[in-house]
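Everything on this sheet refers to the single structure shown next.
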Amino acid sequence: MTMPLTGPLLSVEDLVVEHRTPGRPVVRAVAGTGLHVAAGEVVGLVGESGCGKSTLARAVCGLHGAASGRILIGGHPVTPLGLRRRDPALTGVQMVFQDPYSSLNPRRRVGAQIADGLRTAGDTTTSPADLLERVGLPRAFAGRYPHEFSGGQRQRVAIARALAARPSLLIGDEPISALDASAQAQVARLMRDLAVESGAGLLFISHDLSVVRLIADRIAVMYLGKVVETGPTAEVWADPKHPYTRALLAAIPSPDGAGVLPAELPGDVPDPADPPAGCRFHPRCPFVMDVCREREPLGGSAQFGPVACWLHEPEPSSPS
Amino acid sequence: MTTRSWQVRAGLLPVVLTGALALAACSGGGSSSSTPSGAAGKTLVIDTSFDLKTADPGRTYEPTGLIVDKATYDTLLTFDGSDVTKPVPSLAESYELSSDGKELTLKLRQGAKFADGSPVTADDVVFSLTRVRDMKGTPSFLLDGVEIAKTDDTTITLTSKTPNPALPYILPNPALGILNSKAAKEHGATNDPNDKAEQYLNSASAGSGPYTIESFNVSSQVVLKANAQYWGAKKPYYDKVVIRNVESATQKLNVQRGDSQVALNLSGDQVAGISGGLQVKRTASAYVFFLLANQDSGVSKVTSNPKFVEAVRKGIDYQGLLELAGEGSTQASGIIPSMFLGALPADQAAKRDVEGAKAALAQSGVTAPTVKLEYPSELTVNGLSFQPLAERIQANLKEVGITVELTPAPVTTALDNYRNGKEELGLWYWGPDFPDPSNYLSFAPGKLVGLRAGWKAGADKDVEAAADKAGAAVTDDDRKQAYTDFQQKLNATGPFMPLIQPGQNIVTAASVTGVEYHPVWTINVADLGAK
Amino acid sequence: MRSPLARFLVRRIVTALLLAVGITLVTFVLTNLVPGDPVAANLGQRALGDPAIVAQWRADHGLDRPLPQQYLMHLEGLLHGDLGTSQQSHRPVLDDLAESVPATLELAGAAILVSLVLGVGFGVVAALRRDRLSDHVLRVLSLVGISVPTFWLALVAFYVFFFRLQITPGSGRIDPGMTPPPQVTGLYTVDALLSGRWDVLSSAAGHLAAPALVLALYTIGLLTRFTRSAVLEVLGQDYVRSARAKGLPGRVVLFRYVLRPALVPVITVAGLAFGSLLSGTVLVEAVFAWPGVGQYAYRSATTLDLPAVMGVGLVVGVVYLVINLVVDVLYGVIDPRVRVS
Amino acid sequence: MKRAGLFARSRVSRLPQAWRRPLAVVGTVVALAWIVVALAAPVLAPHDPLAQELPRLAPPGPGHWLGTDQLGRDILSRIMYGARVSIPLTLLLVALSVAVGGLLGACAGYFGRWVDETIMRLADLVFAFPTVILAMVVAAALGASLGNAVLAVLVVAWPAYARVTRGLVLGVRAREFVLSGRLLGFSAWRSLRVDVLPNVTGPVLVLATLDIGTALLLLSGLSFLGLGAKPPSPEWGAMVAAGVDVFDSWWVATFPGLAILTVVLAFNFLGDTLRDALDPRTAGAIKERAL
Amino acid sequence: MTAAQKTAALTIERLRMSIGGHDVLHGVDLTLEAGRVHGLAGESGSGKTMTGLAVLGLLPHGSRASGRIAFGGRDLLEMPARELNEVRGAKIAMVFQDPATSLHPMLTVERQLTEHMRHHLGIGRKEARERAAGLLAKVRIPGPEEALKRYPHQFSGGMRQRIAIAVALACEPEVLIADEPTTALDVTVQAGILRLLRGLCDDLGLAVLLVTHDLGVMSAVADEVSVMKDGLVVETGPRGQVLREPRHPYTRSLLDALPVPPGENSP
């Protein structure tokens, strides 16, 4: 099912998502931020663990309610998934999850699980075996149970199931982080190729920048509940603007055999329940200024463009 | 290989600990295995299955309560040993029944004292007896319609509207024990149902008996201690008497091990194997087990059929039931137990006749009947539980072609149905309230037990007339004749089937003396001594 | 700022109080489901025949009111420490319970103590000697322990140890000739110890041994199985491996690294096991003529003594809540994560 | 990378092995033997279990291998017929507990919120009472009969299943395949039926096996207290109770007790082995409820 | 870096191991040298972690090992349990993958830092405490004195791993086995830990066995690299050679699977 396109396929605006645990302070996992994905576009959302990128993805699927802000899919607001069936208008968003060992029902044949996706799309012509073929698995595997597959194969099946629903937006929530290194790049590429081929947008979440670099058209860097920098992948990679993005890139050890020790970013990620005032990154920022401690550079809105940093305060006239 | 030796050493530790603990437990057990009877502090331990609600004489009517009250209270009259034919003086030194049987005059003994040392007065007597009557507790019927008056400080007059020749036989009942009225009143005793003295009387006896209550617990044990002030000639032998609530099976083991000196409720089966220097006192008890068949057609169309009743009566294997009840038991030929005046001779007892039963069943027009037999599940009478009897009856009647469905119930529930006359078939027992056949007139139609069998007044004129005649008879010969007649008629057409009188088997240590079974109070603790 | 443990406990106590109200409601409803009229059970035959007395009795006991009102009266009484009057003993239920509860607590307490020592001990041995002979033997034994019908075992034990072998004393809590020690805790062994009555102590301990062991067999089996798996689980933890990698002596690793965390789940189960011990007392007390709550409960239930049944329900429920609370506090003692933010 | 797929892999590969463990073999053989005895009792039993035709209280000997009871009935025959009473009833009871508790627990776990609160607080309440005491009161309230005893035990047994099932459902519900299903537009019921329940049945059934013994102990305990089977039904607990009165005739109480012991033991052997074979994560959940 | 020293601190020869009858190591050969980091790479299940555990005799339940692990002239596999225990923690220390689980959650940092010091070195509580504070400072834990009183759950993941390293270094071991020490950490934190490890190796002359699946990490800190596959070391050599000109096809396939060709991803 594809929806008429009005503006970007996915538009997240000023989204706030909170985790509440009785007896503990409320944690703002996503603290008022925005994100856009266009049809056919591959966006990589990167950040370290606990920065809220998975929560953001889940909110987009309706798996987590938003405390405030808006999420629109093709102009259609996302409602949290309760006990009722998912709004058919929203089934165009499908997700591939992190853990290959829990992403498939161990009690059902993979063919049947892929068929669920086909049913969602109302597709009566395609067979599960066709989809298995598309994700690079033998057609005969449709009759097998998940435990007969390796981790990488399972993720392929999960991708096949998501694709079967003919999504307009595919979300990968760390879909490769639990795989062996040799399978990671393959699966990531597969996801990209299939999404682009079908004209869907892909929101690819990962903490592994090198993989994101490989497949994403655009990259969004998240830190402590906020997107701090977005931009075309090559641009961000070549010239990271935000100090955090720089630190993140510098920390990646390169397998070049040169023995170069990666750069260290001192300090710890602050407690999301009690974020620092002003710029959230200021306690660790090597370029911290007074203004950083006091005022928050609001990204994504009119004031700040793709980089939420006082170092890159935009010209008043040129919002991106 | 990996090293694991540390695990072995550490692992042994709990085992060592455990062993020490087990040893401690065993050594604790061994040291106190038994107390020799009598000598050490002169403690007597009596095991019995408790049927105990209260130690307040005005409320008590359960066997265990009567044992306790007999030991802690004196009554105006009493019986000597197990002889229930002649009331003898106690707090009253003499009594006289007027010729019309309506007025009983008692002379109070001088010098009798309560345990607190105060004298027993006529006022105490009047208060105690009036209290029993007007408080409407279980035993109040004993004094129904009896006026109690103090003539002077040493004379009490009991006046009844109708002739009451049984009254001297009623007065020994421990329920009519004389309270220290001053002490009792201080603790809430009154002459009406609002009496509040029970709690006090459960914690401390207010009587003049040879023992006083040291502690009292309706579910576990009652401890009596000797009344140092006892006024009577025969002082209590034991310093302390412990009456414990023990299942009959355990009673047997306890008395055999010497853990107790008296076991009161052993069934015939349990007594059969007993040995080793124990005394066994076997007596037929005054309890009568009987079967009732409800005559109310609203309750059962089947059991109200006279031919069906006949089939049941003929179908029961009385000898087989006797065998279950064991040694000391006898078949009940009538509803009045064998030791009472007017009891039916043994040769008139019902006999099994399966063919006759089948014939009667055929005549009844009821085919393949199914009836419910209710009985109290956890109640035992002298160690005999209702369960095997019911099962045997079930088997007996099956041979006749009657299907019996057993519905045991806890005694309270069962009692409810029984008292309300709702049981189709019921298996119960009757213990005499006092040793007199007049007690059994309640089996007549329209009377207490008759109604429980759905036998309403007017249902059987013949039996009713016989009952009235028996109630009015005054001389022993007349009474004997009338009661025999009443029972014969009852057996012929009534809804009751007397079954057996179980034996009362009292097992005591060899050293214990003075054991006598008494039909009213089972055992008089004060009579017990040691060699 | 309150410590997490305090906050945790406050929350537990509030839950416990709500549960306590629930318990009163359940017992109340249950006891009112019981067929049979308490009047018949409690009045004399004569009084029963007199409608005025019956009505009066019903009024006195509030039985003429609608059930919700009866329940509120019941609750109000509870607030004043009034559990009503037993229809059997005609005494305040509280007094009855004050006599029978310590007896059962002594029995169940001794049993849980034995179970903890033996069960945890066996469990640790079985886990450390996993898949060896001793492990297999303990496994079979512990399974036998949880499979034996308690009521039957009580009979067999009484018959064999008391009657045949004559190594355990007979019925009751102490020798009948002895006077119970002055009441402090109500536990004869403890009271005897406090008052220095060694003969009573020995007698009480002796009387306690057999029923407590019979009662404990089930929980020993339970705790053995449970401790074994808890210890095995901890043995597989990374921090145990790192402790061993540090070259710490086996003793230290066992007690500090293995037992302490393994005890956390064991304590939970021990708390639950205490509940099953209370159950067992109903079946064991009769055989050993132990004057405890089990006998009282059985008697009350079968004689439809509603106030007594409600009292038992409440006391037992409260004991359960207290045990749970103790378990919670122990968590805090053992595990700093509960205690420290 | 250490997170191996214990969930799916272990169950498939380890269960068959479990059956070869000696305890499991003994358990299976004994349990099967009892089931055969129950089925074939009319053929196997030397006497009519109700016929009061033998000498009373005869010790074990020829013609009555396990002796006779107070009424002269053959104890061996009664025990054999007793298996027809106790075993099916226990299985029925456990099945009912699984059905009631499992369904309630699944609902509590899946639907959460007030459904969860209501069901679990109810379960807490039941847990606050010792099983025997509660069952005793319920049985007394309903009246003594085996059917009512089963109901009474059901009342105390369901919460355990509710708790375990709820815990398992909570675990499974958060798993990614369930979320995927919901994202594909599964209704809550379909999700529960297709994705959740099939993945909790295994552990719940193991718990049920473990619980058969406990259930039999409780049932026979109630009968022992006179709140279960009605005479003359040869129920084992009731038979032990009948033996109490005739201590000296040890065989009357001993053999029915042994019958209970062996059946319970057999199922415990089985259940214990099955639990060991189960994936440790889910086994952890049911371990709590070994009581 | 003191590459001139070529003294073997620990040698593993023909190490074979089986768990429950399944062979997991088929004869592993490795040599660790003082002051050098030896990287052990491979995919999950290749046996690299088991090799590390075997050195300390910390094998899982039901496993058997054979071959030779030479340390200080003795074979650790043959060493009596008691003596091996004296080597563990004192001469050879280990750091595990997940600091969240490898530290005891119920014991204070001080206790976990000092207990083996006191046991192995026989020093008093006070001295051990002082050394512990010094160690925490060395691994750059802020406020070492305060930190000693706290429990592991009160620290972040990176801090916990630093504490775990401090614990490993407490008795001044000669060999450190680090089993995926940064896998559970974020990249920015990982960078700090890698720097710390490299620094400690250089400063203290430790022989480090770094087990990791991340070739980037390997490239950053390891001097020598061994690649394992299915219980065998398929290739060993200096870092530059193995990562740039792999000889074994398996190593090559590992490198080819990387998302970014080597040398191309520096910003």
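Lettered A, B, C, D and E in written order, each chain numbered from 1.
Throughout what follows, contacts are C-beta pairs under 8 Å (C-beta built on N, C-alpha and C of every residue); 3 or more make two chains touch, one makes a residue touch a chain.
From a predicted model like this one, the values you see are computed outputs, not experimental measurements.
Visitor: Going chain by chain, each one touching the next, work out the least steps from chain A to chain E.
Guide: Minimum step count, chain A to chain E: 1.
Visitor: If every chain is reduced to the average of its C-alpha atoms, which one ends up farthest from chain C?
Guide: Result for the farthest chain: A.
Visitor: Could you give the separation in Å between the centres of chain B and chain E, each centre being the mean of its C-alpha atoms?
Guide: Going by mean C-alpha positions, chain B sits 85 Å from chain E.
Visitor: With chain centres taken as the means of their Cα atoms, state the distance from chain D to chain E in Å.
Guide: Here chain D and chain E have centroids separated by 50 Å.
Visitor: Taking each chain's centre as the mean of its CA atoms, how far is chain A from chain D in angstrom?
Guide: Centre-to-centre distance between chain A and chain D: 48 Å.
Visitor: Which residue numbers or ranges of chain A touch two or more of the other chains?
Guide: 180
Visitor: On chain C, where are the residues touching two or more other chains?
Guide: 35, 159, 163, 249-250, 287, 301-302, 304
Visitor: For chain E, write out the residues touching at least two other chains, lowest number first.
Guide: Expected reply: 44, 58, 85, 97, 213.
Visitor: Along chain A, where are the residues that touch chain D in the complex?
Guide: Answer in residue numbers: 61, 63, 81, 83-86, 88, 91, 93-95, 97-108, 113, 116-117, 119-120, 145-147, 151, 158, 161-162, 165, 178, 180.
Visitor: Please output the residues of chain C touching chain B within their complex, sorted ascending.
Guide: It is residues 35-37, 40-41, 43-48, 50, 53, 56-57, 88-92, 99-100, 114, 117-118, 120-122, 124-125, 128-129, 158-159, 161-163, 166-172, 174-177, 199, 202-203, 205-210, 212-213, 249-251, 253-255, 286-287, 289, 291, 295-296, 299, 301-304 of chain C that touch chain B.
Visitor: Using the touch definition from the top, list the residues of chain E that touch chain C in their complex.
Guide: 53, 56, 58, 61-62, 85-90, 93-94, 96-98, 101-108, 115-116, 119-120, 150-151, 153-154, 164, 167
Visitor: Chain C touches which residues of chain B in the complex?
Guide: Contacts found on chain B: 5-15, 17-18, 21, 24-26, 28-35, 40-41, 43, 45, 47, 53-54, 56, 59, 61, 136-141, 144, 193, 198-199, 202, 217-221, 240, 242, 244-247, 250, 253-254, 256-257, 259-260, 378, 410-413, 415-416, 419, 448.
Visitor: So in the complex, which bits of chain D are touching chain C?
Guide: Against chain C, the touching part of chain D is residues 23, 121, 124-125, 127-133, 136-138, 140-143, 213-214, 217, 220-221, 224-226, 237, 240, 243-244, 247, 250, 253-254, 256-257, 260-261, 264-265, 268-269, 272, 280, 283-284, 287-288, 290-291.
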